[in-house]
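The same chain A turns up in both complexes below, where it pairs with chain B and then with chain C.
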Partner chain A sequence: MSTRKVIEMYGTALAGLGLFVFLSIFANNFLSSANLFNVLKQVSFLSMLAFGFTFALITSELDLAFANVCSLAAVVIGFLISTDVAWPLAVAAGVATGFLAGLLNGLLVTVAKVPSLISTLGTASIANGLAFMITGGVAFVGRWDPNFLFLGRGKLGPIPVIILFTLVLFLIVLTLSTQTRTGVHLQATGENEEAARRSGIDTRRAKIIGLVLSGLAAGITAVFLVANLSSAAPQMAGDFLLNGIAATLLGMTMFTPAKPNILGTFVGSLIIVMLSNGLVLLGAQYYIQDIMLGIIIILSVAVSASVLKRAAFAL
Partner chain B sequence: MKTIKTVLAAASLAGAAFAGSQAAAFELGVVAFQMSAETQARCANTVGAEAEKLGWEAQVLNSNGALETHASQLDNLIQKGVDAMILCMSKPVQFDAQFLAAKEAGIPVITISSGASPHTMFDVTPNEYIMAAEAAIYTLGTINFEGNILAQRFESNTGARIRGAILDAVLVENPQVEIVGEHSMARTKSWQDDVRNGMSALILQNAGNFDAVWASFDGQALIIDDLLKEAGMEKGDVSLVSIDGGQEVYRRIKDPYSMMTATVAIPFEDMAASAVSMMKQIAVDGTPKDDLVPGPYLFIPATLVDKTNVDEFLNE
Partner chain C sequence: MPVKISTRNIVKNYGAVEALRGVSVDVHEGEIHAICGDNGAGKSTFIKILAGVEQPDQGEITINGEARRFDSPQASLQAGIATIHQDLAVAADMSIYQNIFMGAELTRRVLGLPLLDKARMRKDALGYMGQLNPSITDMNAKVTDLSGGQRQAVAICRALRWNADIVILDEPTAALGVRETEQVLGLVRSLKAAGKTVILISHAMQDVAAVADRISILRTGENQIDLEGGELTADNLSHYILSGEVNRIH
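For the complex of A and B:
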């Protein structure tokens, strides 16, 4: 493999490794086990959401609703728990909310033929409105069932439960995207829809699956967010929109360059959270983080522009 | 190769500079929940400035109004091992786990206008109930306790919610005053648009049918003032009363073209300075917390400001 190819495939990951080494040397406490678990816990929320966005993007569709759908699912969970519904049922309702929102997006894109850029913006607005309708703008807050809170705050030994869950989820979605017929169909649909259709792939189904997985990921993430914060607010996942997209775009600069991929998204999430954590440990003021995130997005888009353009402007 | 070496050297120097800045000074983590709100920016910036006067190293973070971001920033500061934290407008129940982690790590936390927590030292705050009663009664006084008012609420903030509840309590005893239109601000990330959209509709709908406007905080009142001016109103047509204070509000109280009538001025700078001073006494000088603040709150008095005393508050 040529040096150029190595840099293309692994350059960003190596830069992430460089960042890890840099922070290990210069940022006090970065390498402590407590901080590493702290970083991985923060990666968990971001990567779970970004996995979903990645699946949508693999089929060349954008899901700009995932953060708002996550907030809506969180509010549904919070509402049900605060009205004394058993928490497992509330969790199921939250996940179902994400699933249904994803299905709606999938049907809008494939049946109503509304471009995903537009339809998911619409769904995002609807989800936002519903979240405010349910809450009246006031967060559901409580000291809820410890068994439920264990999902977000609990530990098995020294390891937060959510990290273990995310690793399992990562292996599942990685396998799904690379080792299964469904994964191959999603990728083929995203790379060349017409060719995929002619070769017998149900591209409409593939796009629906991509967007449903994105909604499902939002619903699952909502469960852990609510359990972690013991509250549910209408815009609680708002900040994840930009970070989730950034993680996916960063992921597209590595392993299979210019293509959305689960492994890349995971490493992208890791880099973004590591940077955010490292900047705090290094004493950087708040505005530096926003500037750094902006730079990452611009650089990532510059490298992986072709797929994004196809997804964003397939009007 | 030369380029790579140069980049590595520069990175090392930058790292060394960062690491150097992390040296032995007392490290204070300061987190504001939403710095696009002027009051929170005033609070966080004053804490930072006061800490630096003491020779401390203050790191100011902004959570952009996002719960998970706030939690992550608190977690990161705890892992950094800061010596203390001062939080502006945080949320004790939502961040109970982080506050507990800070306590377990031996990091003292003082909050400002956040509410009490068993895991923090205390909360520096004005007495919301007193302020809210002053603002509500003053609003009704401007219309001789008779007429119609518009209300701009904010239910997802504890302090602002209390202000609204006290307004309602005051209205129960004053049945000649009626709220003919009200809007509740819900979107914390785009709150200016939210207020503008909601109140412009109410002002149009109730044109000529309201005598006063009550807003739950001054940021809302400034937007409403602009809307009233756009609707062609002049000072004296309606009164506009709110709570918080700030130079722009004081300028408008004095401005002959503004509807802004009065505010209850919360001394955010004094609160921030008190928080830093108390933190020094507790974390550096070793004074027991209960010797300074026996309960969970350190109440700071607020002052009603209108045209009669606004000059005392204007800097210019």
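For the complex of A and C:
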């Protein structure tokens, strides 16, 4: 493999490794186990959401609703538990909320033919409004079943449950995207929809699957967010929108350059959380993170634009 | 040879535009049947209908004497028709083997799960390619890195993999140089030799004359002339297409 190819495929990941070494040396407490677990927990939330966004983007569709859908699913869970519904049912309802939002997005794109950039912007706003409607603008706090909280705060041995769950989920979605027919069909649909259709691939189904997975990921993440914070608020996942997009786009500069890919998204999530964490530890002001995210988004796309440009300009 | 695929009075309108005004063609088994005509004659529409990409407003398609209707490209494929469209419809950024197996990926059971059998797909892809263009050996190469003729070979491999009885090639030599055109015509002959029924759409009269057993010429959405055997010279064909007059040799 040529040096250029190695840099194309692994450059960003190596830079992430460099960042890890840099922070280990210069940021106090970065290497403490408390901090590292904290980083991995944040990576868990972010990567779970970003996996969903990645699947949608693989089919060349943008899901700009996932963060608000996640917040909506969170308040659905909070609302149900606060009205004494058994927590497993509340969890199922939260996951179902994400699933249905994804299905709605999928149908809007494939049946109503509204470009995803617009339709998911619309559903994002609807989800946000519904979340405020359900909560009346405040957060659900109060008594939570310890079994439910275990999902967000529990540990198996020294390792938080959520980190283990995320690793298992990562292996599942990695397999789904790279080792199954469905995964290839999503990719073919995103690469050349007409070619995929003429090869007998049901491209509408593929796009619906991509957007449903994005909604589903938002619903699943909501469960862990609520269980971790033991509260549910209408904007609680808002910050994940830009972070999730940045993680996915950064991932597109790795492994299979210019293509959204699950492994890249995972490493991208690691890098972004490490950066945020490192900036805090190094005493940077909070607004530096926003500037950093913006730079990452723009640079990533400048480096690897093809699929994203197709998605954005399918207007 | 018996008639393999037959159309009767195929009509297709796009709004007020009559793209096809009643096309009836009989394609015989194991032959290379060319469909010619000037721009706007309805060739592409006719092919899209056979491929299931578009649906006719009227008319009938029969295969081996059985009436068929193609609501989707899948339906056409399942009826044994593989269509290689002019734009090739390849995903340029995906690999050769992924393109050849697109929509019909092979799987194997791993822990009970049907996972992609990439090794077997690469091996089979190499087998198909060996019949057409043995110089292409890296099945992981991206299609974007191939020449026009090589891409055509990938598209034809896909048709072989579908194991279709009927292969439709839409302008297969349109974008090719002289040497690559020769290669592709060789591919067309090898399809015939493999027992396939081939429908060839082309502007290039030299190419048609070189390989076709039978020709239908479309003009303004109708097929006006059907020719065979010794009538097939490039000069004659051009004359027919331009004038619409039958200038029979015998």
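Methods note: the second predicted complex is superposed on the first by the 315 of 315 C-alpha atoms of A that agree within 3 Å, B and C clash if a C-alpha of one lies under 4 Å from a C-alpha of the other, contacts with A are read in each partner's own complex, and residues count from 1 in each chain.
Following the convention adopted for this analysis, a residue touches a chain if its C-beta (ideal position, glycine included) is under 8 Å from a C-beta of that chain, and two chains touch if they have at least 3 such contacts.
Note that the coordinates shown come from a computational prediction; the quantities given were computed from them, not determined experimentally.
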Clash or fit (per the criteria above) of chain B with chain C on chain A: fit
Chain A residues touched - chain C or chain B, whichever exceeds: B
Touching partner for A:137 - first (chain B), second (chain C), both, neither: first
Chain B versus chain C as contact partner of A:179, first or second or both or neither: second
Which superposed partner A:153 touches (first chain B, second chain C, both, neither): first
Partner chain in contact with A:9 - chain B first, chain C second, else both or neither: neither
Partner chain in contact with A:22 - chain B first, chain C second, else both or neither: first
Touched partner set for A:239, first chain B, second chain C, both or neither: first
Which of chain B and chain C A:121 touches, first, second, both or neither: neither
Following superposition on chain A: angle at chain A, chain B versus chain C, Cα, nearest 10°: 150
Minimum C-alpha spacing, chains overlaid - chain B and chain C, in Å: 32
On chain A, the residue positions that both chain B and chain C contact, one per complex: none
Chain C-facing residues of chain A, complex: 175, 179-181, 183-185, 187-188, 191-192, 194-202, 258-259, 306
Footprint of chain A on chain C - complex, ascending: 51, 53, 73-74, 77, 83, 85, 87-94, 98-99, 102-105, 107, 113-116, 158
Sites on chain B touched by chain A in the complex: 11, 15-16, 18-19, 21-22, 27, 35, 57, 59-62, 64-69, 71-73, 75-81, 91, 93-97, 154-156, 161, 184-189
In the complex, chain A residues that touch chain B: 22, 25-29, 32, 34-35, 38, 41-42, 45, 132, 135-139, 141-143, 153, 225, 228-231, 233-240, 276-277, 280-287
